[in-house]
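First chain written, first letter: the chains are A, B, C, D, E and F, and each begins at residue 1.
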C-alpha cells in the first residue's frame, strides 16, 4: 500500500509541471510557491487566502556580498526565487558589491533590461551594441549616477577606486537570467570543442586551453 | 485508508496551484474550470474535447442590477469567473445600473481600459489623469454615447436623471479588477492607520474617523 | 482499492489542466511534455534537469509530404506538438510540398504571421487584406524568393510548374493554428445551416449543397 | 515660392509615416488624430494639452444601423477611427442590427476576440474551431445572453425572430479588422483565379462563377 | 515669408505626434529626445549614430529630496523623461526620502509594479488588494528589506523613525505614472462635484469641503 | 532662401524620429520605408494605398552566401531592413552557408528565438544555458533536422562534413540582432580595457592581446 501511494503521488506530480508567462497578470498577485516540486515558466502560485505580507518581503539586501573571489565582485539577486511575491509581476532587483578593482565581468541578461544606480564608490561601466556593430558605450560612474544596460546586450562594471563600491539595480523580468560570457564560452559543461573555439576566436589551441583551464 | 487518501489528494492539490497570462492565447480557446480548487493567474482550462457551447455563454445580462444601496448603483460584471470561455482571451463585459441620482463611485481597474456605452438615461462621467496631474476630464452622456476610461485611472459615473439609467461596458482584460477608492482607503481590512490618513488627506483625525466609520 | 486509486488519480488529473501564454519566457526554456494528459495553453513543461538535446530536435523535414490528395499539396508543420522545445518560445516552422498545379488552398493562421521561402519550383501566392477591403495582393514566386503573409489574413499558394514545388516557412507562434476556409465554412461538424450559407454567399441552396457535399 | 513650400511640406510629410503598437500604453492616453494625413500602426496622437473630453466620446450608437441590404444586417463599429481616445488602449465596441432573419455572415477579426451581448431579439450564433478541426460551436441566444468569439476564428450570427434584433460587442483591439469570408474569397479585387477556387472548393467552374458574380 | 515658414513648420509639427509602445524593443536601444516638441506614446528617438554614453546616464540620485512639505516625503523619479536611454526598455527607478514620520501617501502606478528596498531607516509599508476586496497587506520594513507593490494597487509608506529614511525602487515601465489618491479625488482640476464625493464617501458636504479645501 | 528651406527641412526631420513596437499590429500590415531618413523602433511605414506585392517580397535567398572568410560561414539575414513588409509582424528569416568545416561562431540574438532546419550537409549545433548554469546542449544534425535556439542564449553551428552545408532559420523578431561573442568582447570599438578582460577571463595580458589583435 505504501508503495502504491508513493507511486501514485509521483504520478500525480508528473502531471503537474506547468509553464506560464508574466505578461499581464490576471489578478492582483500570484505569489510563487518556491518550495513546491513544480517547475514552471516562473513558479506556481499559492492560494491567495493563504498569502501573507511576508510573501512580498525579502530581507538582508543591506548585507555586503562576499567579494573574496578571483573577480572581486558579488551579485546578490532578488528574483522570484528569493521573493515569491514577484511572480507574474515582471520585475526583480539586485545588489552588486565590488572589492577594490573588483569586476562584474562581461555578461548579459537574456530576459531583462537593467537600470543601475551606484550607491557607493566609483565604477567604470560599459555595454557593447549589436548594431552599430560592436560599439562599446562606456562611462565612469560616481555615487548617485544611474545607468541603463539594454536587454540582451553584453555589459560589465569595474570598481576604479581603492575602496569598496556598491550598486543597486532594477531588472525588467522576475527571472532576468545571467549569461557570463567567459563561463558560458570557456567553462561550459561539457566544454565547447576547441575546434569551435580556436576558429571562433582565431587563436591557437594552447590559448583556448588556457582560457578553458583557468579558475 | 480514508485518511491516507484524503491526505494524498490534499498533497496532490498542493502541487496544483499555477499561474499563467492571457497574452497571446496558444490555441483557439482555453475554457476555464471555475469550479476547480486550483487558483491560478486566471483559471485552469478544461479538456477541449469536453468543451461545449455553454462554456462560452453567460445568461441574464438583461436583468437590472439591484440598486437599493447607499450609492444607488450596481455593476454586474461578466468576467472569466462568470464566463469560463473568456479565459486567456483578454476581454470582459459589464452592465451598470443606476437608480435616480445613483453613483458608480470613483474607482479604477488595475488591469483594463473600459469602453462604456449608455443604453438608457443620462449620466455624468469623468476620469482623472495622472499627467497632466489630476486633470478631471468629464462629460454628460446621453443614450447612445460611447466613452473611454483609460487603464488604471480613477473614474466615476453619476445618473443625472429622474429615471433609471443603464450602460454596457467592454473591458480589456478577462479579470479587470475593481479598486473603489473610498473602500480601499477608508474601509480596508485591517484599517489603514489614522496617522497615515490624517497626513495623506491633511485633515483632522475626527474627519478620518467619520470617513472610516461610515457604511 | 484499485478503483479508489484510479478514481483518485483521475481526480488529481482533473485538478491539473492549466493555461499559460508564451509571451516573455521566464527561464531559458520550458520544454513541453506532449505525452502528458494535461491540456494547457501550449503545453506543460518538463523538469529542466531531465531536459536533453533531443527535446529541441525534430527529424525528417527533408522528407517530401504526400501530395496525392484532391488539392495536390501537403503541409508538414513543426509546431510545439512536434518539437517540445518550442514551448513558450513563440515560433514554429513548416514545409509545404506541391504536386504539379498543386494548391495550398485559401486559409489563415489565427495566431501567426508567416514568412515563406520557395526552395524549389514556381508558385503563385496571394493574400487578401481586410482594409483596404478585400484587396488581393499576389505575386509569382521563383526559387529563392521570400514572401510574407500577415497574421490572420486569408492566403494561398499554387504551384504553377510542371514539376514538384517545395517551400519552408517560419511562423510567429508555437501553435499558429490553421483555418482552411473551404473546410471551416462548408465542411464543419456539424454543418453550418444552409440558410446561413445561402444568404452569406448569395447563391441558391443547390450550390451550397454541392459545396457542402464535396470531398 | 508657393511650389517650393508645397514640395517641402510633401517632403516633410514623407518623413512622417510611423507605426506603433498599443501593447502597454506609455502614458495615460494618446488621443489619435484621425484627420491627419499620417498613416501609422494605429494613429498618431495629439498634444495632450489640447485633448478634450470630446476626444473620448462617440455619439449615436443608439441609432439602428440600416439593414436594407441583401444579408439583412448592419455592423456599426466604434474603433479608433471613430473614437480617437481609443488609440493605444486595446479595445473597441460595436453595435449589430439585424432585420428579421438577417445575417451577420461568416467573418473573422484578425486582431481581436469579441464578447457579444444580445440586447433585443433571438439569434443563432456560431464559430468554427481550427483544432479540433472545423468543429462548429453554436448556440441560440436570447435577450441578455453573452457569448464569446475567440480571436481569429470564423463566426456568424443570424436573427431567428420575426422582429428586429440588436447586439452590443466589445472587441480586444482598437482596430479589430473584419474579414468577411464570402467577400474575401469570392469578391476580392482583383479576383482570386477560378483555377485556385475550383480546386480549393472542389466544385465546377460554373459554381465558382456564380459565387464570384453575385452581389 | 517669415510667417509662411512659421506656419509651415507648425503644419509639419502637426503631422508629427506619434504613439508607440515599449513592448519588445526592435533594436538595441531607441534613445528618447526629451527636448523635441513631439509628444508620443513614450518619446521619439534619436539617430543612433548620434547616441552617446550620456544618453544612458542620469546624475544625482545620491542627493536627498526636499521633504519640507506637509507630507514630509519626496519622490525623485528617474523615468524616460529624465533618462532618455530608457525609451522602449520598460523600466524606471526612483529614490524616496522621508523626514521623521514622513509619509509617501496612498497612491498607485497605473502602468507599473514597484520593487522597493529600504536603504536607511524604518518604514511602515502597505498595499490594498482588489480581490480579496480591500485587504490591507502591510509590513514594517528595516534597512535592507525589499518589498513589492503590485501594478495598479493603492500603496503607501510611512517613516516610523525619529531620523531620515531613504529607499530605492525599480518600476516596470519607462513611465510608470503616479495617481495620488487624495489629490486625484479631492484636488482635481476642475473639482469632482461635491454631490459625487458626498455620495461616494458617505459623509456630509462640510467634510468633503474640508477635504477639498486643504493644502 | 535656400538655406532657410534646408534649415526648415532639417528642423522638420528632427521632429520625425519615432519609436514603436511590433507587439500586436494595429492593421493588416505596416510596410516599412527603409529608405526614409527616419530612424525608429523598427521602421516607419508607407501609405497603405501605395503598398504593392513587391513590398512583401525579397529575392535571392537561393544564392549561396560567400564563405571565403576566416570562419568559413556566411549568414544571409532577411529582416525588416531587407523585407519592408515584415515591419510590425514579429518574424524574420535567414539562410546560413558553411564551407567545409565552416563555423557560425558563438553568438546570440538579443531579441529572438531561432528555429533552424538543415537543408544540406551535417553540422554540430549547440547552445549554452544560463540556468542550469553554463550547460552545453548540443547535437549533430543531419539534412532535414530542425533545432531550436532559445532567445538570448549563446549558440553556434559547425559544418562537420567535407562538403558545403546550408540551413534556413526562422527568427521571432523583425530585427533579431546578432551579438557575436568574440567580436563583441575582443573586437569592440573602442576596445574593452585589457584590465577588464584579463580579470574576466583570468588569463595573462599577452593572451588578451592576441585575442584582441587577431582578424
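One rule holds in what follows: a contact is a pair of C-beta atoms (placed from the backbone, for glycine too) under 8 Å apart; a residue touches a chain by one contact, two chains touch by 3 or more.
Predicted model only: the values in this text are computed from it and were never measured.
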Task: Chains touching both subunit C and subunit F - done: A, D
- [ ] On C-alpha atoms only, rotate subunit E onto subunit F and read off the angle in steps of 5 degrees.
- [x] 120
Task: Farthest-lying chain, centroid of Cα atoms versus that of subunit E - done: C
Open item on the list: Do subunit A and subunit B, two copies of one chain sequence, contact each other through the same residue numbers, with over half in common, or through different ones?
Closed with: different
Open item on the list: Quick check: more C-beta contact pairs at D-E or at B-D?
Closed with: B-D
Task: Mean-CA-position distance for subunit F and subunit B (Å) - done: 44
Task: Between subunit C and subunit A, distance of the C-alpha-averaged centres to the nearest whole Å - done: 36
TODO: Note the residues in subunit A that touch 2 or more other chains, in rising order.
DONE: 1, 8, 12, 16, 18-25, 27-28, 40, 42, 48, 90, 110-111, 130-131, 150-151, 153, 177
Task: Chain contact graph, described as a line, ring, star, complete graph or other shape - done: other
Open item on the list: Following the definition at the start, I'd like every touching pair of chains, please.
Closed with: A-B, A-C, A-E, A-F, B-C, B-D, B-E, C-D, C-F, D-E, D-F, E-F
Open item on the list: Under the stated contact criterion, what part of subunit E meets subunit A in this complex?
Closed with: 25, 27-29, 48-49, 51-54, 56-63, 78, 83, 85-86, 89-93, 113-115, 117, 119, 129-132, 137-139, 141-148, 150-151, 153, 168-172
- [ ] Using the touch rule from the top, collect the residues of subunit E that touch subunit D in their complex.
- [x] 1, 4, 8, 11-12, 14-24, 39-42, 80, 90, 110-111, 173-175, 177
Task: Residues of subunit B that touch subunit E when the two form their complex - done: 70-72, 101, 103, 105-106, 108-111, 124, 126, 128, 130-131, 133-136, 150-154, 156, 158, 177-193, 195-196, 199-203, 207, 210-211, 214-215
- [ ] Within their complex, state which residues of subunit A touch subunit B.
- [x] 1, 5, 8-9, 12-13, 16, 18-28, 30, 32-33, 36-38, 40, 42-48, 87-88
